[in-house]
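Handing you a structure now.
A, B, C and D are the chain letters, set down in written order, and residue numbers restart from 1 in every chain.
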Amino acid sequence: MTTAVRELTFSQAINEAIRQEMRRDPTIVIMGEDIAGGAGRAHLGFVDAWGGPLRVTRGLITEFGPERVLDTPIAEMGFVGAAVGAAMTGLRPIVEVLFVDLIGCCYDQIINQAAKMHYMMGGQLDLPLVIRIPYGARGATGQTYGGGAAAQHSQTLYSVLAHVPGLKVVAPTTAYNAKGLTMAAIRDDGPVVVMENKFLGLAAKGPVPEEPYTIPIGRAEVVRRGRDVTLCGIGRMTHVCLEAAALLAGEGTSAEVVDVLTLAPLDEATILESVARTKRLVVVDEDTPTASMARDIAARVADQGFDFLDAPVKTVTAPETPVPFAAVLEAHYVPRAANVVAAVHTLLGTGG
Amino acid sequence: MAISERWATLTRERLLWMYDRMTLIREFEERLRQLVDAGMPVGAAHYYVGEEAVAVGVCAALEPMDWIASTHRGHGHCIAKGVDVRPMMAELFGKVTGSNRGKGGSMHITDVRVGMLGVNPILGMGTTHAVGAALSAKVRRTGQVAAAFFGDGASNIGAVHEAMNLAAIWKLPVVFVCENNGYAQSTPVEYAVAVQDIADRAAGYAMPGVVVDGQDVFAVWEATDAAVRRARAGTGPSLIECKTYRYYGHYHGDDPRRYRTAEEEEVARARDCIRRFREGALTRGLLGADDLDAIDARNRALLDEAIAFAEVSPLPDPAELCTDVYVTEPSE
Amino acid sequence: MTTAVRELTFSQAINEAIRQEMRRDPTIVIMGEDIAGGAGRAHLGFVDAWGGPLRVTRGLITEFGPERVLDTPIAEMGFVGAAVGAAMTGLRPIVEVLFVDLIGCCYDQIINQAAKMHYMMGGQLDLPLVIRIPYGARGATGQTYGGGAAAQHSQTLYSVLAHVPGLKVVAPTTAYNAKGLTMAAIRDDGPVVVMENKFLGLAAKGPVPEEPYTIPIGRAEVVRRGRDVTLCGIGRMTHVCLEAAALLAGEGTSAEVVDVLTLAPLDEATILESVARTKRLVVVDEDTPTASMARDIAARVADQGFDFLDAPVKTVTAPETPVPFAAVLEAHYVPRAANVVAAVHTLLGTGG
Amino acid sequence: MAISERWATLTRERLLWMYDRMTLIREFEERLRQLVDAGMPVGAAHYYVGEEAVAVGVCAALEPMDWIASTHRGHGHCIAKGVDVRPMMAELFGKVTGSNRGKGGSMHITDVRVGMLGVNPILGMGTTHAVGAALSAKVRRTGQVAAAFFGDGASNIGAVHEAMNLAAIWKLPVVFVCENNGYAQSTPVEYAVAVQDIADRAAGYAMPGVVVDGQDVFAVWEATDAAVRRARAGTGPSLIECKTYRYYGHYHGDDPRRYRTAEEEEVARARDCIRRFREGALTRGLLGADDLDAIDARNRALLDEAIAFAEVSPLPDPAELCTDVYVTEPSE
């Protein structure tokens, strides 16, 4: 009965989630800039010329056609608004914002329209809308010159979305949960933001069942068991936590790793339950620190876990700066396992 | 005169409906104004008085299944599209029987059952939602049309530009209705809009753009009717600029005499859409004074009833503060 | 020598700061929607017809004329961008966004352009820009029916600005510090956001020296001394903290009150120094809780103050909901002194 | 032919300058392309090859004190406005000697000393900054003009609409230059823009709008020159749409043959702006082959030097990660 499960990349897994859902439900449409590519040129033999920034949407146009797979002009406020309007009137749109850095061009639609519509209207309308947003800097690449996508194309910024009541915000970390969370987002009757880490989109690969499945929104997951400290990761940082846990294991420190998975609403219970056992917490977030999810989680645990914490809750985040271009600077920007290990050393009073 | 021809194409029912809606809007706004002036807290009330012919002319050309997206000055749009004034008034009273259970107030009145997609006070955003509704109609092949109202002030915001281009390239069934009442808050249109007629911007999206007398319900109806036909035929969107006037200040607390003259107001009021309709209908013998008086009386009574309903309705339970935040509660 | 100091309202104090600075420096311009009003109608005798939402800018047009006091069309992205461009090229613009709820229409200019310009350009350009933004809900009014400005005109949202590196964000609380902080913001060579509470704008009144003065950006202020607990307030909430402190004094509890004043960069030292003495902290913020400034401050203190905290750091915030319209619901939205007192009772294990 | 008349009004120095800048841009881009293809990490490089006549034609009509605001495809704008290619190249290498100390990279190159206000990859935003610069010029009475480049794709974003209206109502000295190269990433302009000529949108702001051949540096210069005169005279902004073509993909990693044909590329390349200039100048005897060859050689050498400079330049100290976050450090 059990066959070897296929391996898919993170991006392919999201693609499969969207594809399977679009097959199931003809009211699902997907829109964004160059999500298909070469729009209107099928007659010249050009279809599927682009496929979005992480190539997540590649192939959808050939299966579902240009009426359900809509390339948009550069008009984030307009097309995210159109997705909101479509979600109000019988469609279930999935809309892609090319990078989180561009939410400044459609922030009203996300935080004032999509997030609040159901509440403001006294619940009379559902809003089945998925907003997919790639995010993240490259971090350390080992390159000694040149650079990355710099300050306006490398941000993380999910805290400014999670801040707003009414939005659910998820951040998948593996191909497996990327498929399950995306499917759950599509089936949710309210607005859900799916934050897709750019690095994971290309690099993460793993077994993904072929059949459709959902992973519940609102649940964190313990991805490694440990006794001495809890490392709580968001998105790509969960992998950094796992790396750090491996390093710590080599030193005789047993670290538990919790993958947050949903930023809003946060699964406080799972995180608290872990910290109740380990008595120590480090939250790792690649976003900048002020009013970040890292500090949010830290504050909740420091409050509700006060009685069982043996040490202060530490956060490991990007520095309080924009993302620099130069590879040698960006290398120090995104938190690495060594930073997490160092934070644990501080907590345990041990040396590296 | 072209006017007389237009009357001819409308049924007696339609004419009565137009008069009914225009006077109901006015009655609603005047009664609300009395309440607000007497101290009822309402956040912000942007009265539609003077502009009734626009909402009614547009909605007269729409079917019940069609949609409208509205603006902060939305009471008139609501009533023209068929929202019941009782829950509307209850909403303004912050009662749980309100259209939005008291959670929205004047700036968010919504009734999706009659195709009213929401008063929306973030300028321009409604036009994008209409584009989405029209996309929905197209994909689901329902034949519905979406009309989007926006002001002369809102015409300068980027969202409107983006919405028009989207509707145009996708040939969506949208009717963009610019209500040019001469002002955005206290800012005159001639200061804020570089071009004489906002309708001229339609050419930038290869869509038809027309200017109509927004104080003539037939002119508005006729232009909308043509645009709706185009839209339903799959030919794409249109822009209609209605030159109109708001009789009162921008919102309940504003004194418009700080930025416009009494003379200007008088000129506009002399062209009052309701009086012109009434006089025209009587002069031409299309409707009788008794028909119209009966409507007036009915609408007065309806407002008495709406206010009484709002007054006796219960307040929301404080627990409602935290309900309906999420559409589906997260799994625990 | 000392004459009785005049009393000004919060709004008048900001007006005076702007006026005095505009007199001093001809490169200062101010722009926004209806900041003068009735634009272009001077020939009909109409000038100064509006004066901004809090009437802060009333009278400026008559003194400085329409070239330096610019009414703008409704085009937040455009005119905030114009202010950024002007700040890059020799002017010192002050730009008003009507309400914080509208930042969704110009968020890119604030967080991607103004905030990052200096850094991205390697420091080659200053950006002397002030962004003034009224914010806040009404809270409890005692009204039993009707309602307020509802979900899209009542927000607080400063955390989504403070989150972004490069922006300074201040939140004055009295007429006195409103003048001083506004002047400091105008004299700062970088972008500063001044968050003006709508309620304080009309209600707060106090002595304001006539001569120009600045209050340093980046400093919190202890506004009431106490021993048993520190109450840390932001904007209007500082007044709520003072009210709570008065109530607590009646119960025999001595509360210290710290007025945060600058949200970014936060004056951690002053807050920590206070908590080091009182051993307890309640942070009071009228914004919604997730990724809020309240949780940010709580996390910093819970971490750095771990060794001297006798109790968990509590936060008192708005609930995790949009702002409702109905007066009876909004009454429960904005934190009140009773909520703060209750939080202190929890901390001290005392009953109310 | 009108062409020949235009040549006549330009000095020999100006003609040499035009050739110099166009070839320097091309040399810069081709050499960069070699580096990137050989593995140099650069985040994103959007080559300007094929469009040189636009940047150079525009900047030829500007004075050194004037400003330009640029886009993600900005290397050509930088060089045309006079940014030194050595710090430009060093910037792309992420070196501390870069125009932005290595902090900005390709998408943020800036040199305010020569009036280059910044490459800016958030589409449309540059147009608003140009409006601000023009406002600054007007208030400070300096007589400066600001030119804003933006693409056919960017023409659909709201910021551009808002910028045009602002410049128009305030009669600001702005020249809006739309570089219509037929594509936004892989999206053809005929799909994304509802109207045939983007220049037609100018009418919506009561400003002149012209279409010019963007592969003819003289046509671009002439149209810009007229717009600059208008701007400096206080008559307000203009819109110039330059029909042009990018020879390579959208960015270094893009293969344009997935959305356009080889034939189309050949047609465009056949109208190459540099070859046309060279042939025209030689045929008419205005410049000699030796003049032009000398420029070619100089620019090749300059790029050798720029790359060498970039290679030997030091990397930024890691401490630079946290400097220049605030313009003025907060008081401690």
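The criterion applied here is as follows: a residue touches a chain if its C-beta (ideal position, glycine included) is under 8 Å from a C-beta of that chain, and two chains touch if they have at least 3 such contacts.
None of these values were measured; they are calculated from a predicted model.
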| item | value |
| --- | --- |
| Contact-pair overlap exceeding half with B-C, pair selected from A-D, C-D or A-B | A-D |
| Chain whose Cα centroid lies at the greatest distance from that of subunit D | B |
| Centre distance in Å when subunit A and subunit C are each reduced to the mean of their C-alpha atoms | 31 |
| Mean-CA-position distance for subunit D and subunit A (Å) | 36 |
| Geometric centre distance via CA averages, subunit D-subunit B, whole Å | 45 |
| For subunit A paired with subunit B, centre-to-centre distance based on mean C-alpha positions, whole Å | 40 |
| Interface hub residues of subunit C, defined as touching at least two other chains | 72-73, 75, 77-78, 101-102, 104-105, 108-109, 112, 119-120, 150-152, 165-166, 265, 320-322, 324 |
| In subunit B, residues with contacts to at least two other chains | 100, 102-104, 108, 120, 122, 124, 156-159, 161-162, 165, 169, 191-193, 325 |
| Contact set on subunit D toward subunit B in their complex | 156-162, 164-165, 168-169, 191-196, 200-201, 203-207 |
| Contact set on subunit D toward subunit A in their complex | 40-44, 91-95, 100, 102-105, 107-108, 120-124, 153-154, 156-159, 184-188, 190-193, 258-261, 315-316, 318, 320-322, 325 |
| Subunit A partner contacts - residues on subunit B that touch it in the complex | 67, 69, 98-104, 108, 110-112, 117-118, 120, 122, 124-125, 127-140, 142, 146, 158-159, 161-163, 165-166, 169-170, 323-328, 330-332 |
| Footprint of subunit B on subunit A - complex, ascending | 27, 29, 67-68, 70, 72-73, 75, 77-91, 93, 108-109, 112-113, 117-128, 165-166, 168, 188-191, 216-219, 262, 265 |
| Touch list for subunit A against partner subunit C, complex | 77, 101-105, 107-112, 115-116, 119-120, 150-152, 157, 159-160, 162-166, 264-266, 287-288, 290-296, 298-300, 302-304, 306, 309, 311-315, 320-322, 324 |
